[in-house]
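What follows is a set of structures for review.
Each of the next two complexes has chain A plus one other chain: chain B in the first, chain C in the second.
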Partner chain A sequence: MSDADDLRSSIENATRSRRRWPWIAGAAAAVLLVAGIGFAVTRGGTSSSAATSGEPVRGGTLQFALIDYQRSPDPQWGTNYAESLIGNNVTDKLTWQDPDTGEITPWLAESWEYNDALTEFTFRLRKDVTFSDGTPFDSAAVKANYDQYVRGDEKLGISPNGATLLPGYIETRTPDPYTAVVRFEKPLASFLQASSFTANAQPGFLALSTLKLNAEQRTDPTKVIGTGPFVYESWESQVKTVLVKRKGYNWAPPALKHPGEAYLDKIVFNTIPEASVRTGSLESGTIDATLDVGTTDEAPLEAKGYEIIHRGVSGTAILFNFNTQLFPTDDLAVRKAIQRGWDRSAVEKTVLTDSYKIATSVIAPSVQGYADYSGSVLKYDPDAARKLLDDAGWAPGPDGIRVKDGKKLTVKLLGISNLVVNKPAYESVQQDLKKIGVDLQLTVVPIPDYAANVAKAKTDWNVTAANRSRNDAAVLNLQYNPELGNSNFLTADSTGIDVPELTAALGKLETTLDPARRKEFAKAAQDLVVDKYALVNPVYDPAQVIAHAGYVHGILFDAQSRNHFVNTWKNDGK
Partner chain B sequence: MTVPLALPRPLSLRRLGDLVHQPILVLSWLIVLVVIGWAVAPGLFTEFSPYEGDTGASFAPPSAEHWFGTDRLGRDLFARSVYGAHTTLTATLLAVLLAFGVGVLVGLIAGFSGGLVDTAIMRLVDVFLAIPSLLLAMVVVSVLGYSTNNVALAVGISSIAAFARVMRSQVLAVVTQDYVKAAYGLGVGRLGVMGKHVVPNALSSVIALAALEVGTAVLAVASLGFLGYGAPPPEPEWGLLVAEGRDFVAVHPWASILPGIALAVVVIATHRISTSLRKEARR
Partner chain C sequence: MPRYIALKLGRAVFVVWAAFTVAFVLLFVLPADPVDLLFDPAELNSVPPEVKEQMAANYGFNEPVIVQYLDRLGHALILDFGNSVQSGQPVLRAVVDVLPSTLVLAAAALVLAVLIAFGVALAATSTRRVWLRNLIEALPSGAVSVPVFLSGILMLQVFSFRLGWFPSFGDGGFRSLVLPLITLAIPVSGPIAQLLVRNFTTELHSGYVTTSWAKGSTRAGIVIRDVFRNASLPALTIAGITFGNLIAGSVITETVFARKGIGRLTQTAINTLDVPLVAGIVVLVAATFALINLIVDLIYPVLDPRLRATLAAGGSR
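And then the complex of A and B:
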């Protein structure tokens, strides 16, 4: 730019200064660029991974990197990965879900029982738990938290963050200080899982003093008080969040078998938006571990001795949710053709690593009740897809894109660019769909732009592409029940879709905790959503991938694949 | 609005001969011509499709077959760069034409009118100059929506001020010349003087600036593409190509570097051409 300004002023002043050769500057810049890349490639080769595991070491600061940042320290409000992840280390939940079996185990609640109707859940609380401001964690705290979590507080500007997770919440009764009875209008089998929920808008307990604060006041991290293994030290939006160890913490989930306080003294969550910079920071030793590892960086990092740990996100796959109100996705044949019209193996080969999997149902295999559709409707079969479209009256137009009644088969997709895999995966689908005559138009944007556009999803977008974490088949109910998430914009008069049938099938998921019957209901719901009505085209099962130095140990993925650091330790002496 | 693109003086054989002594300038013109060729008839320069990849050849390094290598989906990056020239250069041309047309008109009115009109216009131009052009362009695209045409409009709007200012200063210099006074003395009207004497003589520097602005606009368009404001996928665009490659720059550096170098070379070439035009304008 300065060159340009030079020229402009020299034209205006009409001086005869001899200009330096612009290409020298250009060549120098190119050389620097190449040298910089070379440096990025070679550095880190010396980083030591000589650490040995063994007895956990106490102390030290973990420098952690991720792509997102916390927009507010309030964990009940958070809706991105950074927010839920950090919230998990500052607050605790009533129960802990085993990431492997899906079983609900004790945490702040030592035991619980529920009535046969699944409308009343009684929790017996631990008696030794305190918030970091010294106040006790008791049934009054449970009541105050759940009341505000479900209903919000208009005066304080607090949204009803838990309204969709706990539909039909009536009240929490407190017969004594360490017994809390949570009551619902209608059966809510998934509430036990919800009481352990660790993903977006999580029910982590906040001190009464925090609940009295408005949204603005909660941006002061020192006033956001939880019972968790870490407490806020500072929060700098878009830069970093610093947590320090909670002194006297002694109530990690019994399932973790973790004694006493967290091992680490401090964790710094650094926001680094660029994948290559996160990788470079890890290799240079600036950070100890990073989430959101670029897919192409996994293998080279592993080769250099860094450890790659990952877990598929339990919940839905990355989905194309179809808008059943908007042309042309109001046509069942179009939706079914899109499901069959793209080559899974191409996405697997070019875009995904071993950490990610092609979606074989609307929910991930780690969710209890998952059923596999890879052999039937979620199989690449371009001929079947073409036949579906032919039979429905879609004839190929002059440019290869099919036409019906003079209208083109153009499908507009709105997606999020925060996962590195999304855009190339969608582009691969786009390439294949073009071959069967479907014009998939992609708008893949950062989360704030997505949020702004999704408000007009009903009228403007045929497909919204996203996912939802929750390790319970009830996530289907949240997403697709016309009375809850209604991702397909179903109405009573939606053509070709028996809405009461769908509502009933999804609703059944909340009526029992018997594993066999739940599995049966989950299968019935998936049959409708994936097969019969083709409301969704699942693309891939997202994963959370961490690369860390060899001296870091015990980073834990929970049932929603969020990380807990209570067990984490490092032995590099820093 | 007519756009006088004629060089200040006609090319003669002798001056063509001069070019032999300026190999960089010749190279610059060649580069620009080739890139214009890419934009007009991309199919002549590459046999590969910019949209359809060979999934077996994902992340192939540069080779005799794939000059720039391939991207994640196995698409030939040279083909994507060639086809990307169309998107980028069309936007650039639109932007510069817009900035040139409006800027020249505004500068002419300000310089020729003088007084209050001049002050009002030029203070407005100052305000525009005070806003960083990329920021202004981002604001305009955000308001209008993401597309290549809007990017062109945004970049054009953000460069109007520079043209207006140069045009005005040239007009101010020309109107004091004796031949202009003589023309008035001979009874030529204001519009006549403006059309016959002021505009042609003031334009030469503005044309040199236009050539320079082409380079700047290519960069601005690519910057907006890099930030994701431009063409929707799978449309190739130079800035987008660089952006797409940056996530795996440590492992597959060519995916960003080669399109980046192509971009840099074009900008430098237009810069060199602009310098020569400026010298012409001074002769």
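And then the complex of A and C:
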């Protein structure tokens, strides 16, 4: 932030006081003012009306607050929560992933089949779906959307937003208006989940008239047309996005059992960057619900009668990806010692709230195929960690940090400060590792600095710490396959790691949609990544947390922990 | 006189060009790649290189830096800054969309700041009690010492959350302007007040004041008729600095009160390395800055006869 800059420049620009005591008096006056106001603030308290549920009520406006704003109303473009969340309420997807079971269920596609090679997926579309401009949703719309989503359009200035989600996309065939056949170069089992994807840069369907617009024209929200339960009324960058109910909507995912239109008439997504202003606005009744609730705000809000709802983000945990090319994380013993060398319960007690969980595998428990390692390699055991290092020849040095061949056991970590929990959690790990003689050095920075440093991660950083939301075990393949994400910078001659074995094990995740076999493959992949080669140190499972007034009901977290408001209603009469 | 004007005008143009160039260089010296920032940071390692190349080509980032610089400079001359990388919106429209909000806020804050500053200076000069005078003189230091984000949040806590007098966020009408305006005016008033207090003190001891005393003027009469006019002139000199303070303060004020505005736009543009947007904002702000200084430079000779005489003498040589 530039708070400090501003303050500094104000002071520098001010003419210097000649006497000292006016300064002291000024400071004293400021302190008194702050203390006085602080006292006034902390006295008394408000409470929200008690929850009275019952039959859903139609109508009303939901005032919703969140930290981010949509940079463009185009839902296929975007990397923040505001963008994916609003996109989910304006557009629909082919399929709906059940957030509890992970099962892929019908939505705009009534049914589907795929070939044995998993390179061709045939979707039978619903016939009653229309875009909000009245044009039909059909296989031509699927084709036009997927083509542009994966390839972009240079003339229109549209980026290939979906290229990473749908690797190896060849084409969409349209044998008849309500059958779409999506084809890939290589087996892509995860495409079925991708067809339901609701997180960043999502494949939500836009009308043909919208696809013809360039990036600039798409900043007119009334021209961004989807099939979703809400349509754009207005979009004001930095300030708010307003959605109104789509008249005649009747195709919510069958799994939601929601017939007909959305309950709410209108949703206002207010951008409020300051945490205290979000919670204050909730308490004063200006807004009905807020996302991005800080960890320290959860308990006070709950005590005042607000409801806290949360869901862990499905995908990988917040984790340390080890660089296997760089000293000292090229040593398996070091990686294993780090996994075992920090106290999970300390992080749980001092940093996390009930909404967040300590990671027990590389993927979150909500992802199908998750296996639990909390009783084995991810269990705090400082003695075992010390023994691992002793046996590998790391001897304690004069300052307590271990040394081998004259080189210190210093591990450099690059992390992102976007989630408030990250830094304190890493610091807790750092303290524990010091006790076993590992010097973990933290560089936890905002996204632009992180992105800049990731480019040099191969040569400069032992650990990159991040997470990726994708509710499918194939996220492991995407992140760790040496031929794809290669988060550990593996090469053919990486010592102690059978790279072909790992590549094959991860690649198998894309070759079957049979639940039992996928589970087996996911377990095998986790065994290699977490246990055998210790390529990651999972830290905690991030969560999305909403606080809302008692009169708000039915805010839904989907499989990617984004919110859908088709089911949401409120009974405060406003 | 024409030479004086030409000199000042040339300097203003140079400042704008230099600001554009420095901003451009800084953005390219920064290690981050603007294209990387268009992706989810966690996905960066799995974005295919050809996709990145396509994105770079989309925005012209694949050209040599010097070509990009000349191209952007050429277009900037005709006020075409291109489209924002992050939103696709034309830069000029993005700026024009938010500019009125900032202008209203800054102008109102400036008026209030000046009123506060004169109030403080008059009060400090009028009182004869030393302890009271010292206390009042300490206020400007206090004003600049309170961080804007802190005073903003405190004000919200009291007047919005607790008393409910004013809305806590957004910019809908006059009532939503009150709190941000006060928040921004306080630190801006500090330097002006300090300057005025000192000038009032100096002028109060000058010869013409003694003359007025001798003629039997009252203290109030002297302060308002004689001192006020002569002491306020130097306040014009720091108009540029005041403008800078307003812009800097607006970044935080706009963030705390969730208002749209040029401050927040700048912050986001820099955080996301939105090169065209940053270049556009820098040029517009630098141009305003240079324009204010130019106007001050030009009206100074009009207001101060001594300077006029010097210029006339210099011009005749």
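Here, the second predicted complex is superposed on the first by the 515 of 574 C-alpha atoms of A that agree within 3 Å, B and C clash if a C-alpha of one lies under 4 Å from a C-alpha of the other, contacts with A are read in each partner's own complex, and residues count from 1 in each chain.
The criterion applied here is as follows: a residue touches a chain if its C-beta (ideal position, glycine included) is under 8 Å from a C-beta of that chain, and two chains touch if they have at least 3 such contacts.
It should be emphasised that the depicted structure is a prediction, and the values quoted were computed from it without experimental measurement.
**Q** Look at the residues of chain A and decide whether chain B or chain C touches more of them.
**A** C
**Q** Once chain A of both complexes is superposed, is A:Gln479 in touch with chain B (first), chain C (second), both, or neither?
**A** After superposition on chain A, A:Gln479 lies in contact with chain C alone.
**Q** Taking the superposition as given, does A:Lys240 touch the first partner, chain B, the second, chain C, both, or neither?
**A** A:Lys240: touches chain C, not chain B.
**Q** Is A:Gly228 in contact with chain B, with chain C, with both, or with neither (first, second, both, neither)?
**A** In the superposed model, A:Gly228 contacts neither chain B nor chain C.
**Q** Based on the superposed arrangement, let me know which partner A:Pro300 touches: chain B (first), chain C (second), both, or neither?
**A** In the superposition, A:Pro300 touches chain B alone.
**Q** Tell me which partner A:Tyr450 touches in the superposition: chain B (first), chain C (second), both or neither.
**A** Only chain C is touched by A:Tyr450; chain B is not.
**Q** Name the contact category of A:Val351: first (chain B only), second (chain C only), both, or neither.
**A** So A:Val351 only meets chain B here.
**Q** Name the contact category of A:Pro99: first (chain B only), second (chain C only), both, or neither.
**A** neither
**Q** Based on the superposed arrangement, let me know which partner A:Pro542 touches: chain B (first), chain C (second), both, or neither?
**A** Once the two structures are laid over each other on A, A:Pro542 reaches no partner at all.
**Q** Can A:Glu274 be said to touch chain B (first), chain C (second), both, or neither?
**A** both
**Q** Per the definitions at the top, what is the overlap between the chain A residues touching chain B and those touching chain C?
**A** Correct list for chain A: 1, 3, 7, 11, 14, 19, 21-23, 26, 29-30, 33-34, 37, 40-41, 274, 276, 280, 446.
**Q** In the complex formed with chain A, which residues of chain B make contact?
**A** Going by the criterion above, the answer is residues 24, 51-53, 55-56, 58-59, 72-74, 146, 162, 165-166, 169, 173, 205, 208-209, 212-213, 216, 228, 232-234, 246-253, 257, 260-261, 264-265, 267-268, 271-272, 274-275, 278, 282.
**Q** Applying the document's contact rule, which stretches of chain C touch chain A when the two form their complex?
**A** 30-33, 36-48, 51, 54-55, 57-58, 83, 86-90, 94, 97-98, 134-135, 137-150, 153-154, 156-158, 160-162, 164, 167-171, 187, 190-191, 194-195, 198, 238, 241, 244-245, 248-249, 251-252, 255-261, 264-265, 267-268, 271-273
**Q** Note which residues of chain A are touching chain C in the complex, please.
**A** Going through chain A, the ones touching chain C are 1-3, 5-7, 9-11, 13-15, 17, 19, 21-27, 29-30, 33-34, 37-38, 40-41, 44, 65, 71-72, 74, 79, 152, 154, 157, 159-160, 163-164, 167, 200-201, 214-216, 218-219, 236-240, 270-274, 276-277, 280-281, 283-284, 286, 416, 418, 446-457, 466-468, 478-479, 484-487.
**Q** In their complex, what parts of chain A are in touch with chain B?
**A** 1, 3-4, 7-8, 11-12, 14, 16, 19, 21-23, 26, 29-30, 33-34, 37, 40-41, 274-276, 279-280, 294-297, 300, 343, 346, 349-351, 417, 420, 423-424, 426-428, 430-431, 434, 441-446
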